[in-house]
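Next come two complexes built around chain A: one with chain B, the other with chain C.
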Partner chain A sequence: MQINSPSSEIETQADNVRRATIDKSVKGPVLFLFLNAAFWLMASTILGVLAAVKLFSPSFLGDCAFITFGRLQPAHLNALVYGWGIQAGLGVMLWIMARRSGQELRNGRSILYVAGVFWNIAVTLGLVSILTGGNTSMQWLEMPSWIWPILLLSFLVYAWPMVIMFGKAFRPEGFMVSTWYILGACFWFPWIYLTANVCLNCLPSLGALAAGINAWFVHGLILLFFAPVAIGSAYYFIPKITGKPIASADLSKLGFWSLAFLAGWTGMQVYMGGPLPAWMPSIGAFTGTLLLLPVGVVGLNHHLTTLGKHDMVATSPTLRFTFLGSLFFPVTGVILALLSNYSTGVTLQFTHASYGFQIVSVYGFFSMCVFGAIYYIVPRLTGCEWLSVRLIRNHFWFSTYGIAAIVVTSLVAGIQQGGDLNNPEMWDQDFMQLSMNARPYMIARALAWGLITWSNIWFLIHLVLMVAGLGRRSSAPTLLHSSHDDTPHAAHA
Partner chain B sequence: MSANPSNYSPDSIDLDRLHAAVKREKQDLQPGREPVPMLVIFLAMVVAVIAGGQLGLMTGEWNFETSNPFLAASSPDPRPGAGEGAASVDPFQTAMKKGASGYAVCGGCHQGNGMGIPGQFPPLAGSEWVVGGTERLIRVVQHGLVGAITVKGQSYNTPGGMQAFGAAMSATDLANVLTYIRNSWGNEATMITKEMVEKVRTEEKRVQQWTEAELAPFADKNVPGDIPAGPGATKPAA
Partner chain C sequence: MSNFRTFILGLITSFGLPWLLLIVIPVINYQELSFLPYDKDRDGVEGYYPPATVHGQGQLIYIREGCVQCHTQMIRPTQLALDGWKKGWGQDQEPRPVAPVRSNTLRDYFGEKYAPLGLVRSGPDLANYGWRAPDRSVIHQMLYAPQSLHDWSNMPAYKHLYKVRKQQGPNSQSAIMVANREDAQQEIVPTAEAEALVDYLLSLKKDYLVPGTAVATNASAKK
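Then we have the complex of A and B:
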């Protein structure tokens, strides 16, 4: 591990060779995960378009049960969460953990492939049974109950070498910020996934408490898996690309430990005023609001690290995606606080706003950071450069506008829907009418998913070409700005 | 620290094979030592105060038995059908409560006070059509009514008459609304039960609206049927 500047040419070369060896050792599994994840992302966005269209035009594509909203929406979210999110997250985790720890993946690559294949088969079967009517009706756990042990075991197969790598690494004080988060995610996902599935699938029916556990699971998955992976990735790539160290070791510690302590308590506030012991939603509301602390601290740290290097956001695809993803983290935190605390949550609970929260966290925040990581990692694994600046730009802008539109319309629709339902003046309006009022927002949501689908088609094609080794054979990175072509940009990618 | 840089000498083949992307990477750096800004500590306190507001009263004193923090922990579950009160649910009171919300549909013409609008919509309060025979009342709402009619000595002839509202309602909802109008605004009459409505529905399947003359034979007839015992049966079935 090279912490200080190498004192000689030979040391730089030795370090280059060592990093290249690490890349080579994880190449297969990481590319396998990225490619499969990108296909699932494609599937998920197309399902997202269909589900959104179904909300304002229920008879679209005919009336067969297979493509009703009740099946499309869970299929869309499960493909997003398990097909894309966790899978791509594992790829990023594995690469960063290997690189940051300075450890090669020495053996067990074949079992990683096996676990990856099982993961994808399980997700496929799960989605097929959702679409054919086997929905368990538990949010983000809609896949049939025999799927979860397969997913959990596959995850553990990936988590194990990462934990070993962390254990073997030389760990100078304060240096391993990004891998703390990734190590955390390795432990937190099995914890929440196992707990939720045992409670909901194995214990005899828990009644109202089961709904609370389900909500806790969704928040746990967002805050204890998606958030740490994305934050870890941002903590790795922002300094890597700007060439500046992480601004403050103190802020990193504060951000990490406050997230670790608070995140596991949230979730039940979704049922504020509901038939749970009152302190459960109350504690969720408390921590959901208090999470503004880690969110703000991490955001500030990233801001201080990027400060003065904003021109690189314009040129480096990795930094641009990571920057936007990190920008969406405070947005996610604020939306969570609005949904969690009693004064605004009472309007927003059970409305479109909660979909907005899920999408801003999984797509706006997590996926954008992961796209940034993929744009950095893939050229190093395949040995060729991204083909086209235009494709990357397309991917960036269509995703950005799409996500922003979904989040804004979902929030506004949620405020309107919740406000109307709670308004005593509206006593003579029936529920159907109030739902119909959200129609324009649902049309906007379908259009926004359309934009994202368009961006993902190009991302997928681009990634497939890269993995097939058909990228540019060049030593110059693919950078986004052509206006300063005379300046050397080699250092930015 | 797998390779020791000082005595490691990569040969030229190794270096040639390296992809340029690896060579142009920047060094990993030790994080900076910026202290936590005072503003962060201040804002953290603000957040903590707001967050703390979500605890307090809202926790219901950390009691597993309390789901509504604004009732004293000792109060029983207020819903009908829960706790000791379960046996004493009054079918009449339930019908009145549900009928009151169902009446929103009727109130558009007959008004919230049941007085109707003189010359346009006949009143329900004190109307012989409402407190009279149950058979005629059920038929009016189930199938509709058209043409000139006389209510409390006043004649009405609303264009289009009254629609067949009952066709789109469940028997229970219809029975609740009818019980409600028969026992509001000073009216007092027997309950109409779901079974009575169902009986009329099976006997009469017409689709046109009634006229006053057609309904005359039913004016004082009551649909036979049991009225629930207990506090709900305020009047014996006539």
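Then we have the complex of A and C:
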């Protein structure tokens, strides 16, 4: 930051003090969430490797009941969604909301800890139940039915202070798109989660409609929780690091409201051609494709904001992860459109492509943005800098290649599988050809999760060291390019 | 957005609309769903549609084991996919059926708390498995050691649903034969859960005649 006059220097210092106070007020809960989330991410990726291996070698590690694919796969995804995704998301949301609205977290820190502990205990018990026979087979709601009230309450405990902060700092003229998204996530998640759980766990019997509601829930969680948190984080960090304002306020608004209006309709297209009344999957297909609009608008806005500052993508770990995450958003949108419309959708329906969509949205898009946020937030909370450029770089490249491999192989496997299912030549064949054809892709998926596990080991160790306060004692941030190491970085100064 | 209240109102409207129309109203309407009577003159059968529901106890095992991860229970209409023409996927087990298997309706899953429509079709669709199911003991063998039937199968073995015990006296009535059994002195006996799961699989018949559609089916059958 260029300092011209003594008065502005004082202002800057006052500003820094204010920021430090806000950071200090949320430090405990945010670090607690990040650290636990990172452990769950580790667990999820290891389960991901195992589940992928089980797809081509079902008797790997024996025919033990706990590790059959039908139980492993939900455990893997629930750990990813509830253990890592929502937990890390809450951490990022809390910090950004506090910073962006300029509000300290005044009281209630202990109840946040309690909620965090309950969240983690509930997820642990839920996963153990899935593996030991409590699996409900409702996608992303596989945990037994007594878990969800705990998770919902814990979430609300975190959402409440954020809503208060937002309300206090809401200025009609000062337009804050990142907090819009984060408030939206605070608001949509409980609504979706409560609706889905009441319908699926409390109502007596909904038959095929329950399956439709389940699909709606999964899409709602992706589009109205994971996407807003990641977009909000990108809207906060891209301008922050590049030092440029968000390119267009109108595009931001358009992107936000079109997502808000469209996303709630999607989901049931998963069962296109199924028993649901035809308009339900049809409207899902329509909005699923139309979501290309907010996706394109947000992508364009991020692109325009980053334009001309691409050298910073190479140096700043935060911007690099956020940039890649934002790049995965259009990819997510295109894959969703491919899965949703009736011409390509029927080929990809009931294939591995749906897994590819879940991974690209939760891992490629959401998690990469959250990693970016974590690389920015943690040094400010712990007071020390990231230890090693190499670890960050490893984390970035192994994750990138791993996710890209999973998404590409899942999609290609989906096309292959869908083609085999709809191949007239195979009308009287058993599933031999199909399972043989899918095998190489599943081996690739296992290897890709292996790469990601490798990257996460280092991320976890790095994070643990940072939280333990063993980071680098330095005023210069850890940047990725050694040649630029001594040039001071405007945004990080 | 002029103020906080308008913003919140915008959020509520934008999401409340699909929530109400796509979830709440259909859920309320679903409660009205009931059995449909067959008309003897029109349909040629008596009773109610669907004539039978699935074996509920076994479905709990199906759900617990996460079978939905690889098996669907949904036949898509022929204008979308070839499910209906797959050999043996419907009631008509002829090698060359005259009509495709019909796609499913909401009532086919009547009475199920949660219809396991499935996520990925890594294994065959099971919507109408009951019609094509082999002998009980073969299904047990399929569950106990899938690779003993098809060496290419990537289905997990559900060994925990079976008990291996020392043979006492003559063969137990319920014991299943598995081709590659190591020790002739041992017998493999299905637990109650395995029996329930097989009962469930045998009860999967989701292409019963829909009232009012019999004429079309008969006409095409006579061709």
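Note that the second predicted complex is superposed on the first by the 474 of 493 C-alpha atoms of A that agree within 3 Å, B and C clash if a C-alpha of one lies under 4 Å from a C-alpha of the other, contacts with A are read in each partner's own complex, and residues count from 1 in each chain.
The rule is simple: a contact is a pair of C-beta atoms (placed from the backbone, for glycine too) under 8 Å apart; a residue touches a chain by one contact, two chains touch by 3 or more.
None of the values given here were measured: they were computed from a predicted structure.
In the superposition on chain A, contact is made by A:Asp428 with both chain B and chain C. By the touch criterion defined above, A:Phe56 lies against chain C but remains apart from chain B after alignment on the C-alpha atoms of chain A.
When both complexes are overlaid on chain A, the residue A:Ala404 reaches neither chain B nor chain C.
In the superposition on chain A, A:Leu194 contacts neither chain B nor chain C. When the shared chain is aligned, no partner comes close enough to touch A:Leu153: not chain B, not chain C. Legend: residue contacts after superposition of the two complexes on their common chain; A:Asn341 is shown touching chain B, with no touch to chain C. In the superposition on chain A, A:Pro277 contacts both chain B and chain C.
When the shared chain is aligned, chain C comes close enough to touch A:Ala260, but chain B does not. Touch criterion met: A:Glu385 reaches chain B, while chain C stays clear of it.
Chain A uses residues 170, 172, 273-277, 283, 342, 427-428 to touch chain B in one structure and chain C in the other. Interface of chain C with chain A (complex): residues 1-4, 7-8, 10-11, 14-15, 17-19, 22-23, 26-27, 30, 33, 62-70, 72, 74, 76-77, 80-83, 85-87, 95, 103-106, 108-124, 146-147, 150, 152-160. The part of chain B that touches chain A in the complex is made up of residues 1-3, 5-6, 8-10, 14-15, 17-37, 40, 43-44, 47-48, 50-55, 58-60, 62-69, 104. The touching residues of chain A, counted against chain C in their complex, run 54-59, 63-65, 68-71, 73-74, 133-139, 142, 167, 170, 172, 180, 183-184, 187-188, 191, 195, 199-200, 203-211, 213-214, 216, 224, 257, 260-261, 263-265, 268, 271-277, 280, 283, 342, 346, 349-352, 354-355, 417, 421-424, 427-428, 430-432, 434-436, 438-439. Touching chain B in their complex are the following residues of chain A: 1-6, 10-11, 13-20, 23, 100, 102-104, 170, 172, 174-175, 177, 239-241, 243-252, 254, 269, 273-279, 281-283, 285-290, 292-293, 296-297, 300, 304, 340-342, 379-380, 383-385, 427-428, 474-477, 490-491, 493.
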